[in-house]
Amino acid sequence: MNHLIPPFDAYRVFVEPWTINLSQTLLMTSIALIVALSAALIGNYLVLRRMSMLGDAISHSALPGIVIAFLVSGSRDSFALTIGALVAGIVTTVLIEFIHRRSIVKVDAAIGIVFSMLFALGVLLIELVPHTDLDPDCVLFGQLEWLGVHASSDPMKALFASSQFQLLFGVFILTAALNLTFFKELLVSSFDPLLAGAQGFRPTFIHYAMMCMLSLVVVSAFEAVGAILVIAMLILPAATAYLLTNRLRTMITLSITHAVISTIGGIHLAVWLDCPASACMVIAGTFFFCIAWFIHTRPSRQVDDTQETESLTNSAESELAPH
Amino acid sequence: MTDPTSPSQEIVLETHDLTVAYDKKPVLYGIDVSIAPGQLVGIMGPNGAGKSTLIKAIMGLLEPAGGWIQIFGESNKSQRKRVAYVPQRREVDWDFPVTVMDVVLMGRYGHLGLFKRPGKRDRDIAMEALEKVNMIPYAGRQISNLSGGQQQRVFLARALAQESDLYLMDEPFVGVDAATESTIIDLLQDLRSQGKTILVVHHDLPTARQYFDSLILLNMRLVAYGPVEEVFQEELLQRAYGGRLTILSEVADATGEKSKVDLSAKR
Amino acid sequence: MTPKFRHSPPFLALLIFMFAMPSEAHAAKISELVEVDLGDQFVRFFSLQDAAIRHILLGCLFMGINFGLLGSFVVVRRMALVGDTLSHAVLPGVAVGFLFTMSKEPWAILLGATMAGLLGAATVSWIQRSTRLKQDAALGMVLASFFAVGICLIKMIERIPSVNKSGLDHFFYGQAAALGRADLWMMGGTAVLSTIIVVLLYRPLLATSFDQVFARSIGLPERMLFHVLMLLLALAIVVALQAVGALMVSAMLITPATTAFLLTKRMHVMLCLATGLAIAAGMLGAFLSFVGEGLVSHALPTGPSMALCAGGFFLLAFLFSPHHGLVFRYRRHLSQTRQITVENTLKAIYRAMESDRFKEEGIAVRRLAGDARETFEETMTRLRLLVRDGLATFASTRGEVIYLTPEGLQHASRVVRNHRLWELYLTNEADYDADHVHADAEKVEHILGEDQVMELERYLDYPEQDPHGKRIPSLRDTQRLPLRDLAVKEEEVEP
Amino acid sequence: MKAPLTFSLLLGLFLSSCTKSSRTESPDVIATTTMIADMVRVIAGEDVSVGALMRPGVDPHLYKASPADVSKLNQAKVIFYNGLLLEGKMEDLFERLAGDGKAVHAVSDSVPESRRLARQDTEGHPDPHIWGDARLWASTVDDVVAQLSATFPDHKEDFEGRGEGYKVDLETLHRWAEKRVAEIPEDRRKLVTSHDAFAYFGKACGLEVVGVQGISTAADPSVADRTRMVDFIKANGITAIFVESSVNKALIEQIATDADVSVGGELFSDAMGEPGDVRTVNGDSYDVGTYIGMLKHNVNAIVEALR
């Protein structure tokens, strides 16, 4: 068992990262924080709009985009690949919306079909087109650790100069700015699209703008946390905050707090367990979610039993008549 | 067809030959109404008669398949700020993390435009609206902690905060307690006395008579429109509620089924 | 079945190629070493001489049964993404299964994975029940959290010395091409189990999937049934995962079931159809990947081919399904638009003839164009449609004059009759203003059926005139032709 | 009330543990794969501490780093990696570090273009599995010695001496391997494995190597590959095929069943065995946790199965 879980050594876990390994911790933490914060900000609306799994879909279907970008640009240059992934992400959301709107297929099935088909297409393309040696794993699994490795005397300066940091930071600023500027539009179109439409806010446009942001966040996070763990970073902070508060503003603040503490907690957990930091961040986030789950009491409902019944019945399959 | 208002008055809402279709299946046929200010109008009819559809079309949330709608003599979309809408309660997610105050403030968003945030004045207006519906003590509550009647009052307060001239309400009396019902109706009458116009989708025949000035009887088409006393006749009600005209609904089904008859096909 | 085709063509081709091979090559991928030919591959696939092909086809059969049946329930319950969640959530189970025996015992790993899958499904429903979080958030959280725990566990296992633990994470990269007898036994077992349970519990499962509250109210153990479904699903996914990989699980679970959902409205039909589609997609994918190499001279991976075949079926259903297919809807739209054009043209001719009191048999095209306020050519285009349908003829001798054939006249009478009856109906019975009815009748005249018209007529007490005072052609007019009769009748109507 | 209590408890625990523990030692030299680490360890001897990032039995394609690995890299004075894209995206990192002036050295740089083998499926990228050829591997020793000497000049002579000794060992190993492979009848010198990791090995020992998959272990092979491989095995009368320790075994095992041949054993391709795992074949004992032991294991397994 000692091999499995290293003994807890407070000095190694808490002191070393901030003393002898200071610069590496700073590098990793700053990147992880930026990613976690952008994801948490957009995640709030995903959870409220019941579209959490779109993050999963986009992260899978980025593969064909990356392959095609690789074929077109002929380089492994991360900028080109990011653009490819981004376009694929947007195509995914458009396709999902198209299938969902133009047929009786439900949203969840549309998501599942679109992403699995696009992923299959990506794998097939890799095999079909000669001279690609892209590895799906390589593309979709990121390593936060690599960003912590440094050689220069002033690692932070080198970090700020790196294109990857600039991309992530830009995405973060954009997400934060849009969140602040369009808070009320996002709020009203998520809560009551009819009212938003009646007030002339164009909920469809807001939906697609949000999907673009989501693609951007997911794709830019690939290198840092990988395709699958970014889903957790989208959903966990929002879900945790959602259990603890009844106000969107507080929810956003709490989700940011969750993102920050699970990032820092996760990095220390990773030092202790000697495991990948991104996975540990998710585990820490899950832990905080469980705490919130434990302490949260379901708001007392006076009348809503009927309402719940109603919504449950509504969700039943009306098209499918028992014969 | 009788027009309950004198022609000299400004017309708040006018629809002409309004036909609305859901997924190309017509739900409303050729509706003609014109409503004068200061009216409390009930919209009544059996289930599936197109009551909510009419309201959504007036709000510009549904594109009419034929005919037109004018609000204050102009296109309905340009007059959005003058129209307030109270949706059915089940149309929103009551678990959404917003407080009563937040919801009422949403009523101000249409006036704020894209970049502005609600300011002190908006808050005052929202408070005032809450006061009118006796919901001030609940201002900080999350909306899922409210009873059905309270939720309805919140929606009403939101509509009040919109400071509109035309109010469209979709079944505000469904699932609310008697106290709320009387609060709401008092408020509506108060609004009417201020010269506002209110259209209310309503279900209950007995109360309709005492609540409204005029009634729109719908059953896919306009059965009757006029002052309550005129409309409240056995024969008209029978026509609205006594089953849809079978052929009309059959044809509606047929158009829905063959959905692609282009309704605007060139003649 | 040992191969008896010792000297079959592919074998010979292979031998020849072996001798021609450059001697200095020291390493190669098999697909570059051996060229194959389209025809040979084709014959070979259907001869079933290779264990590989027999295995993959059997695998498709079992997987199709599993995923078709379970996928249908998953899709109608709107939890299509549970497949994706479970296929990621099993990772910690793989690690725990390994830790339990400290070796890569397949049974321990399978058991651990199934347990983790079940735990994941239970967590999803637990989160949904005890919080106000919705299903999508629960699914996403379970997917990523379990996966993260799995990654960490596997990293920890790497540190255990002197145990052969390499390749634990290969659990996810099941390769369809590597399907073997052991996989087939397990897949077959789960397929039989799923079939038995779905058949036995069909009605309760249907009831709970359709309306959970109702099912609970009539005393069905709704939660138990859900867990039975999840257990079957977890088993099916785990077995399929190590055989064909995570991608295939997500794709094959949802896609055929959704395709079936587009094609039928009956649950039992949907179950059969989904199963059939899943099997067909798998087999077709295997076939294409096998034969396709002859075409592109490159290995087509089997798993993605199968997934894309399932996607192809979905696309076909999406475009061509009789009720919902986009293309059919569009085609129907086109043909209806054409029919409407034809009928409107007929009506215009009828009206022109009517205003002449049916004295002239032919109508000048210019006049029609003038009535419709369109150019001569536009009118001619419309008239040519009539001629093509045999409803009218041009009189070439007297310039551009159009004559209705007897069929054309009948058809025209029918349309006009529909139009006028409907106008009358709306005015009399639906309280329409007279100025509204025309537009509506313009739409309805094309879709009124024979029965509806008769009913209308009876309802209106066999009227003679429409609200505008025009004569409504009678049923007999639409069946018999002589134009002179019409002219006579027109005279009678005139005061 | 509980929070301050918990906090002080935690703080107490934290402070008490501070005093007890000492700084964790980090190796001076870091190598990515186990093969490189072994070579560097032999050359460095006791003078310099050497660590490996990847653990035995870990497929480099699926390797995931932890913060400890990062601090190892950051504190290392010299880093050795294989190069030629064996480490995938990590190579971008190493190039960046090299650009920043860190002593980072790709072992494959010592292999001249002419001796690099092209990969069949990807143009322009040579095959990275250079350790398969003991002589080629020996040719990288000089550069490793030079790199180590540059960083630790005090031990220059020791490094050189041990480097020369290792080269001799590798040469001996190569001759031994050639001799062993010669025991296989010439027409049976065909090595069938999961993926293309044995090209250098095959060339060095005179074996013809055929892999089911290409270089990447994560690619999805097709059924046609399986049937073709079966044909190939039957046509050539091959008696045994081989699984690799770090690659999914299912496909090879299935092919063996299909073609009715035995699985000759497990070869180490992208990672070595556990240190201390000593095997004895024909009275010759070796530790498969070392490069020489690993190669001997592979050769013995192949020869015993194909002979």
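Order of writing sets the chain letters: A, B, C and D. Residues in each chain are counted from 1.
FYI, a residue touches a chain if its C-beta (ideal position, glycine included) is under 8 Å from a C-beta of that chain, and two chains touch if they have at least 3 such contacts.
Computed from a prediction, not measured in an experiment: that's the story for all the values here.
Asker: For chain C and chain D, which third chains touch each of them?
Answerer: A
Asker: Work out the mean Cα position per chain and let me know which chain is farthest from chain B.
Answerer: Computed centres place D farthest from chain B.
Asker: What chain sits nearest the middle when you go by CA atom centres?
Answerer: When every chain is reduced to its C-alpha mean, the one closest to the whole-protein mean is A.
Asker: Using Cα averages as centroids, what's the distance between chain B and chain C in whole Å?
Answerer: One centre to the other, that is 38 Å.
Asker: At what distance in angstrom does the C-alpha mean of chain D lie from that of chain B?
Answerer: 74
Asker: At what distance in angstrom does the C-alpha mean of chain D lie from that of chain A?
Answerer: The separation of the two C-alpha centroids amounts to 35 Å.
Asker: Please list all residues of chain D that touch 2 or more other chains.
Answerer: 62, 64, 66, 121, 218-220
Asker: Can you pull out the residues of chain C that are in contact with at least two other chains?
Answerer: Within chain C, the residues that touch at least two other chains are 132, 151, 155, 159, 161, 299-301, 303-305.
Asker: In chain A, which residues are in touch with two or more of the other chains?
Answerer: 123, 127, 130, 242, 273-276, 279, 299
Asker: Could you please specify the touching residues of chain B with respect to chain A in the complex?
Answerer: Checking each residue of chain B against chain A gives 56, 59-61, 77, 80, 83, 85, 87, 90-94, 96-99, 102-103, 106, 109-110, 112, 114-115, 117-118, 141-148, 158, 175.
Asker: What residues of chain D sit close enough to touch chain C in their complex?
Answerer: My answer: residues 55-59, 62, 64, 66, 117, 120-121, 127, 196, 198-199, 202-203, 207-214, 218-232, 235-236, 245-251, 253-254, 257-258, 271, 274, 276-277.
Asker: Okay, in this complex, where on chain A does chain D touch?
Answerer: Of all residues in chain A, those touching chain D are 8-12, 14-17, 20-21, 23-25, 28, 123, 126-127, 130-133, 135-138, 141, 143, 145-146, 148-152, 158, 267, 270-271, 273-277, 279.
Asker: Under the touch definition given earlier, write down the residues of chain C that touch chain A in their complex.
Answerer: Touching chain A: residues 75-76, 78-81, 83-84, 88, 99, 127, 130-137, 139-141, 143-145, 147-149, 151-152, 155-157, 159-161, 206-207, 209-214, 247, 250-251, 253-255, 257-258, 261-262, 265-268, 270, 296, 298-301, 303-305, 307-308, 311, 314, 318, 324, 326 of chain C.
Asker: Residues of chain A touching chain C in their complex?
Answerer: It comes out as residues 3-5, 47, 50-53, 55-56, 99, 102-106, 108-109, 111-113, 115-117, 119-121, 123-124, 127-128, 130, 228-229, 231-232, 234-236, 238-239, 242-243, 273-276, 278-280, 282-283, 285-286, 289, 293, 296, 298-299, 309, 312-313, 315-317, 319-323.
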